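Read through the structures below before going on.
In the two complexes below, chain A is the common chain; its partner is chain B in one and chain C in the other.
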Partner chain A sequence: MNARAELPLHAPGTQVDKGYIGQSVPRENAKRLLQGRGSYIDDLRFPRLAHVVFFRSPHAHARIRKLDLAQAARQPGVIACFDGRAVAEYCTPWIAVLGHLKGIKSAPQHPIAIERACWQGEAVAAIVAESRAQGEDALAHVEAEWEELPALTDMRESLAGKYVIHPDLGDNVCFKRELVTEGFDAAWAKADIVVEESYKFGRHTGVTLEGRAILADYNAADHSLTVYHNTQAPHMMQDIFSRHLGIPEGNVRVVCKDVGGSFGIKVHVYADEMATAAISVMLRRPVKFVADRLESFLTDIHAREHEVTVRLACTKGGDIIGFDLDDLTAIGPYSVYPRTSGIEGNQVVNLTGGPYRHKHYRAKMHVVFTNKNLTCQYRAVGHPIAMALTEAIVDRAAAEIGLDPAEFRRRNLIPDDAYPYSEFPSGIKFERLSHHQCLDKLLALMDYKELRAEQAALRKQGIHRGIGLAAMIEVTNPSPAFYGVGGARISAQDGATLRLEPTGMLTVMCSVTEQGQGTDGIFAQIAASAVGVTLDKVRVITGDTGVTPYGGGTWASRGAGIGGEAVLQAGRALRSNMLDVAAAILSADKAELDIVGNEVVNKLTQEPKLSLAELGRIAYFRPDTLPPKFQSELTVTRHYTPRDYAFTFTNGIQASLVEVDPDTGFVKLLKHWCVEDCGTVINPMLVDEQIRGGVVQGIGAALFEECLYGPDGQLLNGNMADYLVPMCGEMPDIVVAHVETPTKQSALGAKGAGEAGTAGAPGAVMNAINDALAPLGARVTVQPATPERILEALGKV
Partner chain B sequence: MEHTLETTITVNGTRVTRRVSARQHLVDFLREELGLTGAHYGCEHGVCGACTVRVDGEIVRGCLMLAVQANGRTVDTIEGLSDSGEIAGLQAAFHRRNALQCGFCTPGMLMAAQDLARTRPDATREEIREHMSGNYCRCTGYHAIVDAVEDALKQSAQTGGKR
Partner chain C sequence: MKPPSFAYARPGSLAEAFDLLERHGEDAKVLAGGQSLIATLNMRLSSPAVLVDVTGIPGLAGIAAAKDKVRIGALTTHRAVERSAEIGATLPLLAQAARHIAHVAIRNVGTFGGSLAMADPAAEWPACCVALDAELVLASRAGERRVKARTFFRGLYETDLKPGELVTAVEIPVPGKDHRASFMELARRVGDYAIVGVAALARAGAGKSGKALTDVRLAYLGVGPTPMLATQAMAAAEGKPAADAAAAAQAALDRDLKPTADLHTSAAAKMHLARVLTGRALAALAA
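Our next item is the complex of A and B:
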């Protein structure tokens, strides 16, 4: 079935094509970037620009005995030096909790630490200088004396309360959740088979190639603040700058220029960025902070770091009865504002067992504080953990019963005709998923049978190949149930304004932002299709609170589904208004007119009647020629909020083919496949690229990436030479295919696609490695599965 | 006063002379002194390749070279290669294949790819992957970049290696 045919972008019954939806159109805004003519924050040039650098705690946990900035202040080029107390006069602290995460707690966090630093890298002083180099020179002249406090780095010790990081909170538990379905024990007792395994997921981080950056420009004359910020959520930041700096919301403007990758790293409030904004107010001049790579590793949010034990019960026929989960995760010393650091663990509880039709579930999850860098939402939040542990334990169960992993999944995946599905035991609801279509497509695409035969043949020659599958579900298009209901001022709705220009050009302004996913490109496709113009007539503006409608921005795979729907609705409304104008100009019946290829045409004959440039000319410059009471409305705004479901889930399945060298522990990735269903595919090429990029981030997590800390809380590998990221040479080709099940909640039918790759890849790769190791009697259950860990599993080191 | 040296560099075909601080890196010079912001900083220690520029025809990490070391030499940046049309084929292939997302790695990627086009125009897919392995990209997963470079090499082979 071709879902695109359902898209009523033009009036039914007309023979026009469906426009640009579903076409792999290259992105217009990529051209600038290809010539090195992008405009990232560090590319901006401002008069009187000052640069801020931070003096950061060298200790994981220490009291500041003395902080003397006098010498630093005397260094060449230094404009000012501030400690935490000075900045606190201008910026209030925050506590990151949400009402719907019952019992979540955290301590007040200041832009710059006062009295005590709680992780290595926390800013304790700011130096403002005429150049960054001069600021960094002055850092060496800061005199600090420290009283070291016990550093809590082990999450079990944290949970046990070996030392309480924030004594006022009573213990180190930020958040906990327990859940058990009715009749769990009785159902579990009937199981023929129970498999149990523990998994560890290392801490890793986003490593956006462009560091976090902010340029805050306070204008004392009108008490206004303009912030150039590479954030994913400009309106959220506008609200936060306004409230914490005491500047009326209307006086704060947040502008996002080009953003060099975000992946959730740039959707949070960072203390050093708040300090930068405050310092701009204090100094009444533009101030810039750009995190260098070492600062990024120490202060960009980290993610994951879970230790999980999971059990799966099933019948001997291979039907899953239920899952039993015990998850422990550590988040650093503060919950991150304003989304909180409770969400990832919460997602693990929500999503474990996600693709399957079992009825029983018990879960226990603790989020604890430690003296390491903060963790928070990073691409696919919780999914990589939940999918990997689910898919690993599913493979264990299949092996126990003696069923092929693909067959075991076929038995247990929620049937494609079971929707809407509200029996999932964690309480999440699925509108419509296509697990079986995806599985069938994947097995055909990869030629599963053939690969298995080849694997068996190679094993005889001592070559250890493994095939790993990972089915997945993904949270997309979140409703206000994600943050808004908990009291966070984070918009779940987005808006789009479309304006017909006098020349027949179309300007689109949308509250969803662009960080390279291709947001601007798909909005142009949707707008052009909805209105009836060619793509070259469309210009898109995003990322400016002073210009676009209000909205949430880009996170949780929401841009296409929510922002796209707003653009579509605005486009349809504008088209209707344009036809009103055309009808008035032509003295024709609106119902007989249509807009195709930049022309108003006769709907039946397709005969051109009026160019849009002519329509624009008359509407804007000669409205006197129109009927007396007629007023044209050629700027239209529409908004959209998903409300029928808390989340619009998507689904998919991935497969990984690897070869493991049992002598060295090295894993060679041979190929990767992903079939996923994000509903209406607006631009297949862009969706494929989102999936591929996501898969590689998931591969990084599975094989390479880990923020390693010493027992004293020192980050041991916080640079790009020691922290391994996936590079081109070791990455496989990635085959992507789609099933399209549009959501019925919107006319566009698009669901999110940005996180699916990252959600499923770690599970697929881990299963592939373990499949390769199976004949050798070894399993790795720790990510990243480094050569050393594989050799350990093999008993070789 | 900081120690400065008079430095003359031919940047994208134009000779520029400045008094340059001895410790200033080449990329800082290009970005701060000349406003050529196409070369980016990703790591500042020679690992990511975002700062790649060409000095006397060889690609170098602009974060590992001092501006004064470029005295008397020729430096080409993404802006220059774009204006001269030298990498038009590669850019078109990158665009067609969506071999960039955020674009922050892209100038460095194009520099590295053009180096391959000049030195090994018959490179295989494996060799392309190998050659591009000094440049980090967080967004694309590399597949599309490899596709684009492969396309561009093929295309220029068909047109007789003419740029």
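Our next item is the complex of A and C:
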């Protein structure tokens, strides 16, 4: 990878305590993980541990005529076999709807299907065995008879109601939303130019290194359940296990071990995981389930799958008047609990046209049920769709008018001095964005003019290069407006507890979790900076409902912005308490003291006065030497909830340079740039790698990844050979740079960065391909843009 | 994805291996590098009772180059072929093809003989062996026999191997001095099995209008149930200068190849891509 174009310096005016913030310090847990000494769910060994495997429906839609588990139960090592009815006695079903998504509906979903399976891969029986291998052996002895039902795989047929998957719901529409701004028709009528195009976005999934895993350990002695779970949201899961299994919340503890990537895949309630927990209760012993790769493809949530038509109206001068959107998306047979599968489509409606200052908007969006695996929130939820269709149609408009795509964007991006901005037609509000600064920085970074000249010269030699731009906005740091207001018991608040240990070490406990992205590392940086200790003194504990404060966990680019602020505030408070102790020990004035480099120092002279180890020793072991009535408080907890805005939007812009081989349809990714503004950059190295990883997943969507289904609803490529995750061999250098516009809502000023790369990359790559194809009169509007689809666009096959 | 349980044997000689194969018959499966076989076990696509690991048998690995023939032992790894100076000098087609096989970690373990026995129609070695007119050495209790690569591959994952028989080596005639080789393939990602590939070989000599190609050999992967020797296209290109040879071969290719679609690519697109690669490979041979 390239050297960074520019070291992001600490943003002027940020209210953070200096120290490590803004520094690329290596994270503490990297060594452990890289040496293979991480500890994952599958590493856990418990006495009497049982393993559960699932007998899954081979059909996309079928009634279970007969399910005979007797033979399976007799196989070596088998402990018990259960069908859906048996498990339902211990775990109540769920219906994933949210109050603020008006009209959203879904059907009750059980941990194990009862009577009917609605997608290929849905669990219909569980076999518990002494080992996973024995369980798999026994699967072959399950006797099932099926009555196949018509499988709905096409979303248009679903919308048209060819069959109704859940007859009680009346139709196949899970959720729909329509929106039109006042005066839309009149404004639209005045347009000089209207461009229209339709796009298709394939279904894909987030392939995590570590599969979904859960080890549930029910203890009948005290009616308690400890769940080791690689979830992103331990407190949410604590609440859900408690309510659906009928165990008091206080008796349920959720512990995350190391988590091998999540990307949103692990923030949902999975039927087979609920079944595992229920079976632990039923058998009164620890039970483990680890999804293997084949199960992951069949049951980890999928994402995207949209068919969209979008229109853009503008003046002949190139000013955008408005957007008109019609989005159709399919989610499988159930809305996913508890976040629902309506959010992605809702986001597309909210975010379309996002970077621009048009005033008019009309949108129509339908979310429909199909007999494929469930879809739900995956990294950048809705953004890749909204950004790609916006940026593709913007390029069409620019071409129509004859304006350079960069120039067209400059004309229409919301001006940097227009904030706070509440005129965006979908109703979302922006605190402060930096579109123009980002655009300028990007064009300079990539040497846009020079690249265009080179492109023109190469075209004469028959080399087809394309340059694609994609401006973007991103939802981060969500307030309770995301889920809480809709009735979901998902915390929008997070908390941090900081404790000074007697040796002067600092322990940080935070409700945001670590999935491999480095959250623990930045919490250490913030805590060390706020308190005044060196990084080696800090230990971070996350992912344990029995230990950390209550909070939301990791999703929606919220860890740094929300959890980080809680750590900062707790750190400041602890520092103040530590200075109280120091003042008492030294009989000095607190105002004259400071903490720097693990020492209490004189604020003016920086002269060391007292080491923190000494402070800790006295506070904990010799408080008798302190003034009477003085009580030290060396553990502090603080919480933070963003309240001023529903979401703290970030912005950025990406560019992709590709070369298309018009004979083969192959696309070579030559380079990629991203300039983004996540507010305060806490650790440039981590942010850059978040961006790069996100870009790679976005490129996956644009070029490689697609869950292919046959007309009968069979997943055709559910393995790592046939489902093409993006790999390093094809990835370009990704140049990352930042503009820092800290949010004023918090002292830390950090916004989210985890999803920006994924949000913008598909649009940038699609635009680059189409720029390369333009002289050949072809356009691809389907993602992923496979060689076959490009050849089709070129009329060669 | 746990394999069904199996017994494991690691014979120290061919005779011992033959004993085991005879004793267990259909229940036994030969294990070489395991890079194809183990995956099929984990996915429960096959469930042999006994794996006979042949990697402990001495003398089955290694490359021996004679003047007109190169002998590659069945247990020679892909990586060993890739890195062999002798192969680079005598059979550049193999050297070019090797780096397209999977990833380094797999090439370090997977074997030449295993790839031929597996007979994946999209694999590189089978197509190369067909283009080079290689001969497989097969051994069993009954003794040794030799089969041309061009007849060894009989259908999808189907070969001329008989029960109890092992591939022990492959003998490849070294093409003449003025022969040139070109291996090309199109894969979505580095290391993937190719959508289509071609192993091309020809003598590039002086002709009336520039270099003419003679002894043209074109073997394709990924476009049929076996590696496909394109005899019609070869005949059409024979004796022509590169540009004409390419056009003629491309026009004739329909008669040689009847590709079927794979998950990501239609039959028509495969045919189109095979033509594109034909043109490029023949151009490279003449360059």
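The rule is simple: the second predicted complex is superposed on the first by the 780 of 797 C-alpha atoms of A that agree within 3 Å, B and C clash if a C-alpha of one lies under 4 Å from a C-alpha of the other, contacts with A are read in each partner's own complex, and residues count from 1 in each chain.
By our rule, contacts are C-beta pairs under 8 Å (C-beta built on N, C-alpha and C of every residue); 3 or more make two chains touch, one makes a residue touch a chain.
Predicted model, so just to flag it, every value in this text is computed and none were measured.
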| item | value |
| --- | --- |
| Contacts of A:727 with chain B and chain C, given as first, second, both or neither | both |
| Partner chain(s) touched by A:179 [first = chain B, second = chain C, both, neither] | neither |
| Chain B versus chain C as contact partner of A:293, first or second or both or neither | both |
| Which of chain B and chain C A:33 touches, first, second, both or neither | first |
| Partner chain(s) touched by A:169 [first = chain B, second = chain C, both, neither] | neither |
| First (chain B), second (chain C), both or neither touched by A:716 | second |
| Which superposed partner A:791 touches (first chain B, second chain C, both, neither) | second |
| Partner touching more residues of chain A, whether chain B or chain C | B |
| First (chain B), second (chain C), both or neither touched by A:664 | second |
| Touched partner set for A:774, first chain B, second chain C, both or neither | neither |
| Intersection of the chain A residues that touch chain B with those that touch chain C | 133, 292-293, 719, 721, 726-727, 729-730 |
| Residue ranges of chain B touching chain A (in the complex, touch as defined) | 23, 31, 35-45, 47-48, 50, 77-79, 82, 91, 94-98, 100-107, 110, 129-130, 132-146 |
| Touch list for chain A against partner chain C, complex | 132-133, 136-137, 292-294, 663-666, 704, 708, 716-717, 719, 721-722, 724, 726-727, 729-730, 786-788, 791, 796-797 |
| For the chain A and chain B complex, residues of the former touching the latter | 26-27, 30-38, 40, 42-43, 45, 133, 206-210, 258-263, 292-293, 515-518, 685-686, 689, 692-697, 719-721, 725-731, 733-734, 757 |
| Chain A-touching residues of chain C, taken from the complex the two chains share | 1-5, 43-44, 186, 188-193, 195, 263-266, 268-269, 272-273, 276 |
